[in-house]
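Beneath this line is the structure, given in structure tokens, with notes to follow.
As written, the chains take the letters A, B, C and D, and residue 1 is the first residue of each chain.
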Amino acid sequence: MTVVSSAASHLSETVAERAVISLRGVEKHFPIKDGALQRVVGQVRAVDGVSFAIRPGETVGLVGESGCGKTTLGRCISGLAPTTGGKIYFRLGDDAAARLDEIEAIPEAERSQDQLAEIERIDAGHRIDQLSGPAWKTYRRNCQMVFQDSFSSLNPRQLVKDIVGRPLRVYKEASGSELTERVVSLLESVGLGRQHLYRYPHQFSGGQRQRISIARALALDPEFIVLDEPTSALDVSVQAQILNLLHELQQERGLTYLFISHDLGVVRLMSDRIAVMYLGEVVEQGTALELFESSRHPYTDALLAANPDISSETTEMKGLSGTVPDPANPPEGCRFHTRCPVATPACGWEVDDAVDWLQTKETLLGALIDVERRTNFDATLVFHDVDSAAAVTTAMAEGDIPAAMKGALANLARDGTKVRISLTPVEPVRLADVGGQHLTSCILHTGL
Amino acid sequence: MTDVVGTPLSAAPVEGPLAVRLRRFTDLARQVLRNKTTLAGLIVIVGMVLVAFLAPVLTTPNVPDPYQMPRDWGALNEPPGTPGHILGTTSDGGDVLYGIIWGSRVSLRLSVIVVSVTVTIGVIVGSLAGFLGGKIDEILMRIVDVFLSIPELIFALAIAAVLGPSFGNIILALSMVFWVKYARIIRGQIIHVKQNEYVDAARITGDSRFNIFLKDVLPNSVTPVMVQATLDMGSIVLVGATLSFIGLAEAGLAEWGVLVSKGQVGISTGRWWASTFPGLMIFLWALAFNLVGDGLRDVLDPKTESR
Amino acid sequence: MTSTVDGLPPASRPLVAEVKDLRVHFQAKAGLVHAVDGVSFEIRDGETLGLVGETGCGKSVTARSFIRLIPSPPGVYAGGEIDFWSSAARRKGEGPIDLLQIPQKEMLEIRGDRIAMIFQDPGKALNPALTIGSQMSEVLFQHRSQELMEAALEEDPPAILRRAARQQSSALERLLLKLPPWRGRMRRLSRRVDELVARALTETQISNPRKIMDSYPHELSGGMKQRVLIAQALACNPDLLIADEPTTALDVTIQARILELIAELQQRLETSVLYISHDLSLVREICDRVAVMYAGRIVETGTTKEIFSNPLHPYTRGLMAAVPSAAHKRGELAAIEGNVPELVDPPPACRFNSRCPFAVEICRTTDPRAIPIGDEHSVACFAYESGDRTELPTLEQWV
Amino acid sequence: MILPILLIGVSLIVFTLSRVGGSPIGIYLSHEMTPDEVAEIEERFGLDEPLPVQYLAWAGGVLRGDLGWSGVSVAPVTQVFPDKLAATMELSVAAAIVAVTLGIGLGTFAGSRRDRLPDHLTRVFSVSGASMPVFWFAIILLIVFWVYLGWFPIGRSDANTFASIAHPTGLYTVDSVLAGNPAAFWDAIWHLVLPAITLGFGTTAIITRMMRSSLVEELGEDYVEAARAKGLPERLVMKRHARRNALIPTITVIGLSFGFLLQGTVVVEIIYQWPGLGRWLADAVLRGDQATIMAYVLFTSVLFLTVNLVVDIVYAYLDRRVVLGA
């Protein structure tokens, strides 16, 4: 839990003595069901232990490729999806956060009654899945969301006035002509007007629909808005309009944003701080400037290299090999090691990597019959015939496999058609500070 | 590739909410009626419904029960064109035209009752299953599956046979069988609609589950039910008439299926009319509702052409 | 990545295709939609031409017109021509053919053989019910049946086998082909095709082609599917490759790999590429020349260097300023206000006039023409019409 | 996996119906019996036991092949069943063959010529098929082709022809082929034409419609465009890509429309005097013969479920994305 402490305490850059949202080891696992009885056979670890805090008035960018868990995390924060582990706090004071850090540093069994009660008290007041009554209402009103797809996020059978005015109606803030006027002023604040009150969503262009979504999110004058890819479905010229609008609204109303996007250029422009996600985990986080000027994680480097900047002339685009691994069975050690161009033997090489390597050797893969797994680092590969087993052993021993994997290979022994491989086991990587509130999980930088 | 964007919004005059909703409706209606076959179907329906309503005016009602065929024992097996019996008579002197006119009343009653009952049950069951999900969904859908395992006519026939021959029992039997389809349709729709982000957006506003269901989920789920109900207005008469043809209605009822059954005996001796005309009415009735249902689907629900 | 074919500078290379005043209209309820409305550009041998524009500007319709993939109705080729010089024709010194005029049979011979296409969404461009191998072999059977027969069969194979190699077998023949005496030869034929398919897959750096060939599309990742589609497109070594936003559906790190791959293959096979994209920064990376489209027309063409260092058309300038970059301050992106105009029976005018901050009277009443600015640059804007060249305000002033 | 649940559910429904509809032993009772005699019969049939016990006893009987006594045929149900089943199967299979081939053919024809004349004509055909009362259509065909033109006979076969060959399978077309008797074969076919057309019409309409709409949908898919871009001629694009994939959803509809076909046999068999299960059922309905009705319902459901199970397997074979049992 030290990760949590470092994350939470280091993010107290701004002077305010509370965060808007604090994540402490948040997990969201989806069960995989199979068979007629729908038995749970595994877990997709969409979000797997994420901790950071969002301070009042700032924009935190959450960036990553599809399937990395950023949207799921956004849905957890906005209360749409229940978490399966960890805690999300709303308006958690810094002193309370510090107390939590202290108590959680103590092993669970050794905590005193008082300490447990204290956690319980803090949770009851701030943890979003334990809020009720007025506290829940305050959270609900102050945490709004704008979705990616403006087609599906507006009810096609409601008029703009009903869509934008709905939050006001739910909280009985206004009715009748007052409601209409409030809606008009909301529409005007997003660049629409009175003439749009009685229209259906389908009568608007994509950009205009996104403005309606924003107006709805603003209706209750919230403190915090989750922006889930708000401009990914738009053309650049319209995207520019919306991004400008969002910035303007933030200046006027002192809004706090979580800006989720796969587009580095957009995130860089909009965010004060950025967290980079890969396969359910945050691999690096820091200020926008830090991250872009001196990134400390090869995955961030890869994203930057793959995303040319239009203003610079001489960038060479570079991609990553391989595909994102299955989030139901994430790699050991650093989850990025399977695609990492600078992976070392200590990055978490495991049996699955060896099997994946066999995939590229077509003739040998066909001969593989079974994998007898002792741990993720130690297994026996059973082959169809002795020749294949021998060929694999030679290939592995003579460095046909990636150099880093070879470095991790602790033992390689063949017995007839069986090849036993064992690799050096490693611990899971952790986020650690590398100075200036810049956190990374890459062992090349953390030295852990 | 074919997205040609944008009506210039500022150009249109500002309309009030009522006018906008009304125009949405009239636009839809105009779109539906632009199709000539739909229009033809609608005209046939209007005609038949008029006949049903005007039956006591168009004919002299039989006493004591106008739904029983009057018997003219002096005119058995008269061919069409006979004075007083324009469409001929049956083997026991029933006037075919009278049967057709009062039969439309019977059919209208049958389809309206069965469709409204089955839609109500179906929508309630389907909504519970689709919106609540989980175990309730599981149980309700297994029941629905069991009901769907028996071909619907056979099922209705068995129920009606058990209840005893009467047209009321046919109505009851059909109501017990036909709701299943709607439950299934509405559940599927709801599960689909629930995934839309506007439902999430409504949850974020903090609205109650029930309100979300009522404002966001249900209104966006009912279109296929409306289409199916229109089609069923026709097919229920088809199935009902089949049951009465087999002999599950009261004998002598002025109902199209009963009349076809009655006339069937005479065809080998060339007396074609007593079956042909009432059967034609069943066909027209079903055809008209099928045409209108298709037209509605093309406009309201173009993605799901048929299932 | 400016490629040099025969060491010639881009301007003097021979033409592969020349589009002249292309017009493609669609019949809609509201009227005739002028989706492509007088588009002219040229593609030179071995170059990559980027066709950029936003949603609905007609770039995809233009690209599909090369192989006449526009469904008709509602689409109509309302005018213009697309001249095409195949490598064989050029070797023989023959003139171009007009792709819009040639008979359907010739068009079928060109599709997939001389002009190939890769699509935006690799997930949808593969038939979910057929294996990768069988889908790829279709191209080879279609365009290489003669070579296949020569390589795998005897001198003069019986008609039933010839028909099989051309995919013309009837159901009965397919049944017969499973029996001796044809079965063995049929197997030789399909083995030969499999070899070619495997080779094509290997070209796109797929390390386990045999396994991929036996897979169904849903078993592959998006990046892998796009590789398969590229392999399929390049299987017959086409003269022109049309890439319609081939990486839009992919993640950036995968996108970069796919682009590297296309570039590498293009260099090796000396294929010309028409690259359709909405992403300016991508186009800048990979294209030799760029044509910018807006609302059915080309507003500006030029070498990538020219266009990006000296954009002339107000739309091009606005578009570039709207892309977030390191140079931007938050809240100061240049947004082009307003929306794309309706293209139903449009009057003569510059299509951009309603959104252009510099529009004057003539922009609203007259179609602009392409004005050459230097050797390798032309722009369709009245601001550059008169001799005295009332220059537009600079890019910086846009914001 | 769901199949047992459905079978149990159906049997429960059938059992309930047979208990609701008055006494299941009505067929054995007569007015002259004393209450004691009635009670004795009730006891013999276990009617004094609680309902769950009765159900288990009944279900056990069904599993052992005891479907009760058919009052209509004055014989045990299981004894009269096979002959009637053969007659009905011959008719429904013939109708299904007509419906599937014609439906897929017409659907493809219309779908590939969307919004042109053939499409409109096919639509007229399929809408009429869906609106046609089967019994009336049968009568009209009879009036025209039997009464006036005299082209086709009614009934199942000519009496002399029937007597001339052996009937090991009960399917007369098959029997005549086995007997090597072309005259008997033609007789069987001749008798089959009208009922099969009548029965198949509605199903053809359903299949045509589904095939057309799914073909139209497939033709709009990207991979069809991609197939064209490969240079494949339209014939191959249609055959290997569009039609093949359009068949996948159509297969499901074919399975479901088999129910439509089965229920159609009831009236078709009445009108064409076809000695099959449907006519048997109609007789039973008129005479209140519960055992026969319930046996029929049970059998039809099992058959319907089996057909749909087969359809699911075919579906999974055609569409590799589907995993069976999930």
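We take it that a contact is a pair of C-beta atoms (placed from the backbone, for glycine too) under 8 Å apart; a residue touches a chain by one contact, two chains touch by 3 or more.
Since this is a predicted model, take the numbers as computed values, not measurements.
Listed here as common contacts of subunit A and subunit D: B, C.
By number of C-beta pairs in contact, A-C leads when A-B and A-C are compared. Rounded to whole angstrom units, the spacing between the C-alpha centres of subunit C and subunit D is 52. Between the CA-based centres of subunit A and subunit C the separation comes to 35 Å, rounded to the whole angstrom.
The distance from the centre of subunit B to the centre of subunit D, each centre being the mean of the chain's C-alpha atoms, comes to 24 Å. Counting partners per residue, subunit B has 5-7 as the residues that reach two or more other chains.
Annotation for subunit C: residues 55, 339 touch two or more other chains. Multi-chain contact residues, meaning those touching two or more other chains, occur in subunit D at positions 2.
In the complex of the two chains, the subunit C residues touching subunit D come out as 67, 69, 108-113, 116-117, 119, 121, 124-130, 138-139, 142-143, 167, 216, 218, 229, 232. Put simply, subunit B touches subunit A in their complex at residues 5-7, 9-10, 12, 14-17, 19-21, 24, 196-198, 200-207, 211, 215-216, 219-220.
Of all residues in subunit A, only 75, 78-80, 137, 140-141, 143-145, 147-149, 152-159, 161, 166-167, 170-171, 194-200, 203-205, 208, 213, 216, 219-220 touch subunit B in the complex they form. Those residues of subunit D that touch subunit B in the complex are listed here as 2, 5-6, 9-10, 12-14, 17-18, 20-22, 127-128, 130-136, 139-140, 142-143, 146-147, 209-210, 213, 216-217, 253, 259-260, 262-263, 266-267, 270-271, 281-282, 284-286, 288, 290, 293-294, 296-297, 300-301, 304-305. Touching subunit A in their complex are the following residues of subunit C: 54-55, 207-211, 221, 223-224, 251-260, 278, 280-282, 284-286, 308, 318-328, 330-337, 339.
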